[in-house]
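Note that the chains take the letters A, B, C, D, E and F in the order they are written out, and that residue 1 is the start of every chain.
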Amino acid sequence: MPNKVKEAWKAGKAVVNGWLAIPNAFSAEMYSQCGWDSVTVDMQHGVQDYLSCVACFQGIAASGSGATPMVRVPWNEPGIVGKVLDAGAYGVICPMVNTPQEAANLVQYAKYPPAGTRSNGPIRAGAYGSAGGYQATANDEILVIPMIETKQAIENIEAILDVPGIDGIYIGPSDLSFSYGLTPKLDVEDPFILDIYEKLLKETSKRGIAAGLHNGTPEYANRMIKMGFKLVTIANEVGLMVAASKNAVKVARG
Amino acid sequence: MPNKVKEAWKAGKAVVNGWLAIPNAFSAEMYSQCGWDSVTVDMQHGVQDYLSCVACFQGIAASGSGATPMVRVPWNEPGIVGKVLDAGAYGVICPMVNTPQEAANLVQYAKYPPAGTRSNGPIRAGAYGSAGGYQATANDEILVIPMIETKQAIENIEAILDVPGIDGIYIGPSDLSFSYGLTPKLDVEDPFILDIYEKLLKETSKRGIAAGLHNGTPEYANRMIKMGFKLVTIANEVGLMVAASKNAVKVARG
Amino acid sequence: MPNKVKEAWKAGKAVVNGWLAIPNAFSAEMYSQCGWDSVTVDMQHGVQDYLSCVACFQGIAASGSGATPMVRVPWNEPGIVGKVLDAGAYGVICPMVNTPQEAANLVQYAKYPPAGTRSNGPIRAGAYGSAGGYQATANDEILVIPMIETKQAIENIEAILDVPGIDGIYIGPSDLSFSYGLTPKLDVEDPFILDIYEKLLKETSKRGIAAGLHNGTPEYANRMIKMGFKLVTIANEVGLMVAASKNAVKVARG
Amino acid sequence: MPNKVKEAWKAGKAVVNGWLAIPNAFSAEMYSQCGWDSVTVDMQHGVQDYLSCVACFQGIAASGSGATPMVRVPWNEPGIVGKVLDAGAYGVICPMVNTPQEAANLVQYAKYPPAGTRSNGPIRAGAYGSAGGYQATANDEILVIPMIETKQAIENIEAILDVPGIDGIYIGPSDLSFSYGLTPKLDVEDPFILDIYEKLLKETSKRGIAAGLHNGTPEYANRMIKMGFKLVTIANEVGLMVAASKNAVKVARG
Amino acid sequence: MPNKVKEAWKAGKAVVNGWLAIPNAFSAEMYSQCGWDSVTVDMQHGVQDYLSCVACFQGIAASGSGATPMVRVPWNEPGIVGKVLDAGAYGVICPMVNTPQEAANLVQYAKYPPAGTRSNGPIRAGAYGSAGGYQATANDEILVIPMIETKQAIENIEAILDVPGIDGIYIGPSDLSFSYGLTPKLDVEDPFILDIYEKLLKETSKRGIAAGLHNGTPEYANRMIKMGFKLVTIANEVGLMVAASKNAVKVARG
Amino acid sequence: MPNKVKEAWKAGKAVVNGWLAIPNAFSAEMYSQCGWDSVTVDMQHGVQDYLSCVACFQGIAASGSGATPMVRVPWNEPGIVGKVLDAGAYGVICPMVNTPQEAANLVQYAKYPPAGTRSNGPIRAGAYGSAGGYQATANDEILVIPMIETKQAIENIEAILDVPGIDGIYIGPSDLSFSYGLTPKLDVEDPFILDIYEKLLKETSKRGIAAGLHNGTPEYANRMIKMGFKLVTIANEVGLMVAASKNAVKVARG
């Protein structure tokens, strides 16, 4: 299965990414049919763990939509990075990468030798490998995406982006605001934060890597694609469900 | 906990009912906070079984919303009717009740002696019973709601409604259309079906019992409340999620 | 593994039986180490379904206690009777057996040909069969135990007990009281009910089969053993936990 | 997705069918990549229930093998037949169909009006429907396959096969032997049973419907294809695993 | 929902705390109705992981008892601390905090900026936030409670307690004894250990923070409240169940 | 229950070890009856997490085979090492131990004081302890087995093996090859790698500790026993199932 995110990025295009917080394969399967280019299991803030991530990956695959499965790991820790890759993730988004060393660690956990120290044993991923063999292509195919979401990360941004093996970055707007002493929120209009976005777009673009952003609404996500972001997420599936449900109740009551 | 549906019906008011197809307590909990008067676990067409129903009931209760938990059982069978009531259902919606005998069977399964033959052992339900004791009030508190969704049921409607212990009916529009040789659908405009609705509203109203309807959209549900329905459901939680997601993808792509 | 209940009954002894309502193998495993002769998974009023029953059976076996696994099925239905036997039940307790025909149905569901029509495929049970083969001994080894818990069953008692293949009966005191218009309760002192117990003990004893009883307290259970009951259950594991917890809180508060 | 079994049968070819007893989506997914034309979740004798069946269906779909998902239901009961079809089964194998009435009941449960009384709500199945809509094609696409596995069924065979809507039959060799007073086994050589097979092949062939058989070994299955069977199953996945494991231990020990 | 533990501590009162080892929401729900002020999911030594913790939190909430949900994390690791807080924990008990640096790390993981580096995304916790918003009050509301259970921790106790953000400590008596070369046990009478308790009570009291203790029996727990402990736990739910069960079997046997 | 691995090693014998990747207790139970001396739950590359490990341990115990339960942890991290030991592991295999410090850390996490810092609370393990008490014998009974699978580990091998508390080593052939720039594979014939095996056998033998190896086929495993390995694993259960299934399909098709 081709990595749609990687292909889009090569073609200079943006992807619209789904986000799974509900630990259920049926929910994941239905959601994956909605047109997302990729669907990410959120193991950090979502109600997800490793086995629910595997179940969601199966739901994504079962949907037949070709959506690329990715994961946000709970933390920059080698055990879980290896496990989600073995389960078939085509991309790893890692929270709170604040220094070049942390970025280098992430790359090391996610890449087979000689680029890294990932252990061999792609239990589910290997079953779907290309003809040349999963291990031969994994280092190229799998996206390594640190989250840039703190003041410290912004201050270190050039060194972080220079770490070999980084394919893109993902911005967590609410943590970023929080770390600058602002109220945490998505879809920010604060010029201070928007300036940071511009800087990150420039620095990533300069290095031929992509920038992604978590958004609260599809309208804002669309604006961010136009601004230059190459991966946009809209809330998560439970957030969309809750918003639609509240509206449905209101309309039904009249 | 009061039965909101029963209270509303006593007051002549309509309730807006949620519908759970995703077998997950977290999803159920979040959904239950959206303003529904009652939330029904759909064990017939939803991806639900008995243990997921219990989990969803816990999600509904955990939400603190006071939404009344109900269930649609997969079939008119005494084992499962007893089990969902023991788990804490305040109402049982039963599919495909086509004759007075089937309606009487349903009542028998759902009521303690002498009204019925339900077996005693409200493992979860009893823990939340009123001061007078769960067993003393269950026959009054718990709603028995056969689904009227076939030509045969319509032909038997008066005898079905006359069965003692029936608190209301619930119409499945797509099965009803199907059984008359029409294309199965929700939110019907076919005058033939709408005439049946009118007849059912008249016959239930005459007997002081309520009529409920499954709807596809909140707008139609609102119209049906105005027409006289006392319980309206809008699709289910996964349907609302899918519709919202497809729209989000479209808007994000621009 | 020998059937401890059958062996005890042959020796004229009573067994102390555990009762599982929590659908969890760890809980079942710990509980099974407490000295019970047999442990019954309650699929009727317990929070149990088929897969949790299998998990509990594994917990019982894992405990190494040699406690005999039994099950109370949710209803007298051939599908579930076959499934729990395939999973390794050594005894089936079936609720609400009120007529000889219902008793004969139960026997039919639980026995291989020619005694019954149970389908062959003991997926888990067969793996632990005796040298002669599970299928060759199952009809003898597995206990068929209808519940006697209604006025109708009492009125039919001799004919029910005469059904070939019945190994014992199990009395549900609260349903029995309920069906006679009394308040449902365990550990009854009402002479009317106690007279029924005496009659059941006499009729079962006459036929060389055993009578069992569900009890609320171990003291009452002990008294019932002395009265002649050959299988006594004490509440269930969650009931014992709740009682112990309430007491612990009270003592800790002083 | 095309129904591979139906297509093969139309073309006069036999299918090799997998059989799932382990209630786990990962196991199902890996097994589904092994070349089976169809994979059947065994809810009767396998350690499976409704939700594990859904999970296995997702595993089958996630495998990308195009194997057609089918199910053996635990019993001829309308609730479960409807639920597994809603979950996406392309074929229903039903145990212990012994009379034309039982066969007609099965057809009724599995077909939408006017051919039957299946209720509308294909929660998972509908999401993968053809352009014309799942409901419009389901009655044609979904295979209804009663099991012929008792003396009584053999005696009624012509009338059973004449029931409209039957697409094939499936023989359970061990139950068939059992019901004739023989030792239950697979891969029988007893001429008496083989004669029955011949008769069933003749009667099905005459009516243009298919006959399937459960086998213990692939060698026997191959022979049965040559004999005329159009669907052959080989043990189940756990049986293959156990046999391979015992052999591996033996070889490793030397 | 108010934090009962925090309120009690403000008022100078002790709380009686429950402890969950069984990974099941039903068990947790029933146990939570027994009068505990708070209920802690034990992810270190209990049979619990992140998703079972979420399920238990839902069970606690569903009980309607108002018991405050807390967690003992398996280790002092930022990923899991963030996840349990997002799930709705009102307090984090962390094992084996032996140095001020480890205590400071724990505070950092558990607090939003500027007090710490917890990442924003309270998926379940946020849904129940106060009017002012969960993020605005979380740092104040959530209790950070390191376990003091080694010789090293005792030697560093003043520096540990001086770490800003520590709300209390929790003593693990068996590990504490173990680290001093004594036999590990609860409800110790060894004057050497009791002297340590006195010292810990004095040092915490001096700083206006609370001391908690794990107990084996409610009698000892009551004594410890009188000694000055502000949070006492009694064994866990499975321990109480096992003790009650062993006793029930003994009494039933006579 | 005796530790079969330890006993065999004391007697100078080799053990044949099973390997579980499927997160299911039924599958584990059936597999554990196949003759393995020990069965290891693979939490690194298997589709396993902590709760599935507990379930598999129950399956192993329920099998009654006496197979010794072990685990490969996902990473050298104290939280998970403690949890699997509390769950009843008799041996811990830890991936990627490359330095004496890492080996010493592993020992520290796995041993009670004074040999290490493992926290006391053997929730499931303690229930099966010897008469003298689980805590008194655990440090002796439980095997600590670092994986030697990198160039760095080979370079540090003598210092690693000299770390007190190491009972054996386990070689991961594919990672070992990978780290030397070779293609990752099992059952290697490359003399360079085989020389490393010889060296490891010599160094372990010299110190009276055992060497284990992961194998792809039972034939190779047998050869390795002859070469001196004291623990050999053959693929895993899902690998054996897949190989057997592919072969069955091929044979059935003819």
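By definition in this document, contacts are C-beta pairs under 8 Å (C-beta built on N, C-alpha and C of every residue); 3 or more make two chains touch, one makes a residue touch a chain.
Listed by chain with UniProt protein names: A, B, C, D, E, F = 4-hydroxy-2-oxoheptanedioate aldolase.
Remember, it's a predicted structure, so these values are computed and weren't measured experimentally.
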For subunit A and subunit C, chains touching each: B, D, E, F
Chain hops separating subunit C from subunit B, counting only touching neighbours: 1
Same-interface partner of B-C, chosen from the options D-F, C-D or A-B, over half of the pairs matching: C-D
More contacts between chains, B-E or C-D: C-D
Centre-to-centre distance between subunit F and subunit E (centres being mean Cα positions), rounded to whole Å: 34
Distance from subunit E to subunit D - Cα centre to Cα centre, in angstrom: 53
Per-residue multi-chain contacts in subunit C, two or more chains: 21, 23, 26, 30, 33, 47, 49, 51, 54, 77, 80, 124, 238
Chain contact topology (line, ring, star, complete or other): other
Chain pairs in mutual contact under the definition given at the outset: A-B, A-D, A-E, A-F, B-C, B-D, B-E, C-D, C-E, C-F, D-F, E-F
Complex contacts: residues of subunit B adjacent to subunit A: 16, 18, 21-24, 26-27, 30-31, 33-36, 47, 215, 218-219, 221-222, 225-226, 232, 234-235, 237-238, 240-254
Complex interface listing, subunit F residues touching subunit E: 49-51, 54, 77-80, 82-83, 86-87, 112-114, 117, 119-124, 135
Touch list for subunit D against partner subunit A, complex: 1, 25-26, 29-30, 33, 54-55, 57-59, 61-62, 64, 124, 127-128
Residue ranges of subunit D touching subunit C (in the complex, touch as defined): 21, 23, 44-47, 49, 51-52, 74-75, 77, 80, 95-96, 149-150, 172, 174-175, 178-179, 181, 183-184, 238
